[in-house]
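These are the structures in question, set out in turn.
Both of the next two complexes hold chain A, though its partner changes from chain B to chain C.
Here is the complex of A and B:
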């Protein structure tokens, strides 16, 4: 199986390393030649691709707009699997299916990353024990999904979660995008300076992802704006309620408010499916 | 200058014989020869050698001792660049021609290449 990863950032680079760790040869491609050369001469890839017509599987590890541009402007082998890894899925799926194609598209979203970017921070174990989300629609070829699922297992993923693009975007607005928004908003405070000695795990958890690349994340937020704005509104409402209770000095009201949150958290069932059909396949 | 070219590849393979044209310049030399129907050009410039092949197989490869270079595959199943690491590169020049010895890794495979271009006696003045 000839595999190529287009886009050698932290995710694409880590995919190459993970595939090679599993003993699979992998070629790469990157917009900046210097990065591809780095990958080649550091054993991250086996070759730099000039074109993509010989590959059975092409993982496109680029930002959303660049992913669509890449897929629309390159030729692929008849029946090849072309899988993107973008953090939004409805927009990508619509863009891909607008055009006739000779390849089998599979939407993916590896639930792993770091607060830093570039191939220089890539690592072979980035996906170990993480989830790979694979999205499907009526146009999805399930043999292609199985192939991507198998490759995900080889990359170290602990599980594959299959769902529709819409289910993905709704869930990810909350589990990922809202968390990044909160972290960004949280650090906009004068008290951030001079924190040495005043911080613990809670501060670190809250701020760890505040420094992510705004070009990448703004694109993701805007392509999932309805889900995300709904989640932000819910958060604002909850924050306002908490602020009001604190401002009033109403201990009983504040406790009630906090108790509500604690009980919701304690009663959560991570495996519960509330929206759409979600299939989880555990590898380990 | 017309010359006879002998290429020794792996231990198990028989050497390849060909005829070519060898020209020296200030910085090195250029050797043109054929392998089957494919046209090959080998240029030595200082301590770097570039080799290109056109025809059935199409590739450009650069060797420089101790350095990471690439082999650009222009045809075949996969096209693109694969890594080349040259462990040893020796160039011997004499009035009767040139001989090069290259020990390199192409992808993960180690290759020893020896090529001798011997100028036809009638060309030696």
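Here is the complex of A and C:
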């Protein structure tokens, strides 16, 4: 199987390293030649791709717009698998299926990352114990999904989660995008300065991702704006409720409100059994 | 120096263990005899106190109301140091100074904890590398502060931060109480269920403290309600701003808003030099 990764940033670079760790040869492509040369000279890839018609699988590890542009402007082998790794799936699926394709598209979202970017921070174990989300629609070829699932296992992922692009976007708005929004909003407070000695783990947790790249994340937020604005509204409403109880000085009402949150949290269900539209395959 | 810790929960128990680790004998007291017996039989304390007039230093490691009740209902040696560990300081200071005292009061707030409680989860290294906040007022005896500061160093604290009770409450509303409020509000979303495979570190960070004891925290929130409601309002306003940019679909406006947060975060200053009213003493 001839594999190529297009876009050698932290995700693409780590995919190459993880595939090579599993003994698979992998070629790479990058817009900036310097990065591709670095990857080749450091054994992260086995060769630099000039075109893509020779590959059975092409992982496109680029931002959403660049992914679509890349796919539209290149030719692929008939029946090849082309998989993206974007953090929003409805938007990209719509873009892909705007025209007939000779390849089999598989939408992916590796649930791993770092607060830093570029191939210089890539590592072979980035996906170890993480989840690979694979999205499907009526147009999806399930043999292609199985191939990508098998490659995900080889990359070190602990599980593959399969669902529709819409289910993905709804969940991810809550579990990831909202968290990034909160962190960015949390630091906008005059008390941020001079905190030495007043912070514990909870403060570190709230603020860790406040400084992520605004170009990357604004693009993701805007492509999932309905889900995300609903989640922000839901959070604001819960905060307003707590603020009202505190302002009233109503210990019983405040305790009740906090208890609700604790009970919801303690009785949460992670398992797939509740979710007919989400399939989880554990590799270990 | 005869030391006693009154209230053998996770903080009080850990204080005993940390003091004994440093070679200091320490006596303990607990409302429930079973817990005091456990501490004695497991070498966490050297004896069970029946009264407190023999002690030079008494750490009261109880919730706010219980702390005031304990101090009002017991006799202490003339000039003894009595130090509390409550997470709000203006309220407790006012309660303490409502009547003349024959002891020297020192307000403390050890910035360490766990998501679990009770002496069974106590450990000798709970305070290692943490901060001990000590609050002062016009009535504070600075020799007593120095003694508590020295004992904090022996317990493993990395630094002592000294400030007024008001400065403490303002900072702590933002760095700790608001974080707990956000976490509790964050989980109130139908998407919490079935998250397996859709979560990374950012989701764990946001929700980790959602299930803390509502009785403990509601009491703290209500004793610091003005600072805390202001911080909640500040956060809501930042969230509303981000929501508006997302809803408008304005990439430039959204990027600008996110960039503001990133810049604020990246240029934050932790150092004490900015803060004349907060003194930090590093032990290492």
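FYI, the second predicted complex is superposed on the first by the 279 of 284 C-alpha atoms of A that agree within 3 Å, B and C clash if a C-alpha of one lies under 4 Å from a C-alpha of the other, contacts with A are read in each partner's own complex, and residues count from 1 in each chain.
The rule we apply is simple: contacts are C-beta pairs under 8 Å (C-beta built on N, C-alpha and C of every residue); 3 or more make two chains touch, one makes a residue touch a chain.
All of these numbers come straight from a predicted model, not from anything done at the bench.
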Touching partner for A:27 - first (chain B), second (chain C), both, neither: first
Partner chain in contact with A:2 - chain B first, chain C second, else both or neither: first
Contacts of A:260 with chain B and chain C, given as first, second, both or neither: second
Chain B versus chain C as contact partner of A:117, first or second or both or neither: neither
Which of chain B and chain C A:41 touches, first, second, both or neither: first
First, second, both or neither for A:50, with chain B first and chain C second: first
When both partners are placed on the shared chain, which of chain B and chain C touches more of chain A: C
Touching partner for A:239 - first (chain B), second (chain C), both, neither: second
Intersection of chain A interface sets (partners chain B, chain C): none
Complex interface listing, chain C residues touching chain A: 111-113, 130-131, 133, 159, 161, 168, 170-176, 178-189, 191-203, 205-212, 214-215, 217-219, 221-222, 225, 228-229, 231-236, 238-243, 246-247, 249, 251, 254-255, 258-262, 264-266, 268-272, 274-275, 278, 280
Residues of chain A touching chain B in the complex: 2, 27, 29, 36-37, 40-41, 43, 46-51, 54-55
Interface residues, chain B side, partner chain A - complex: 68, 70, 72-74, 77-83, 107
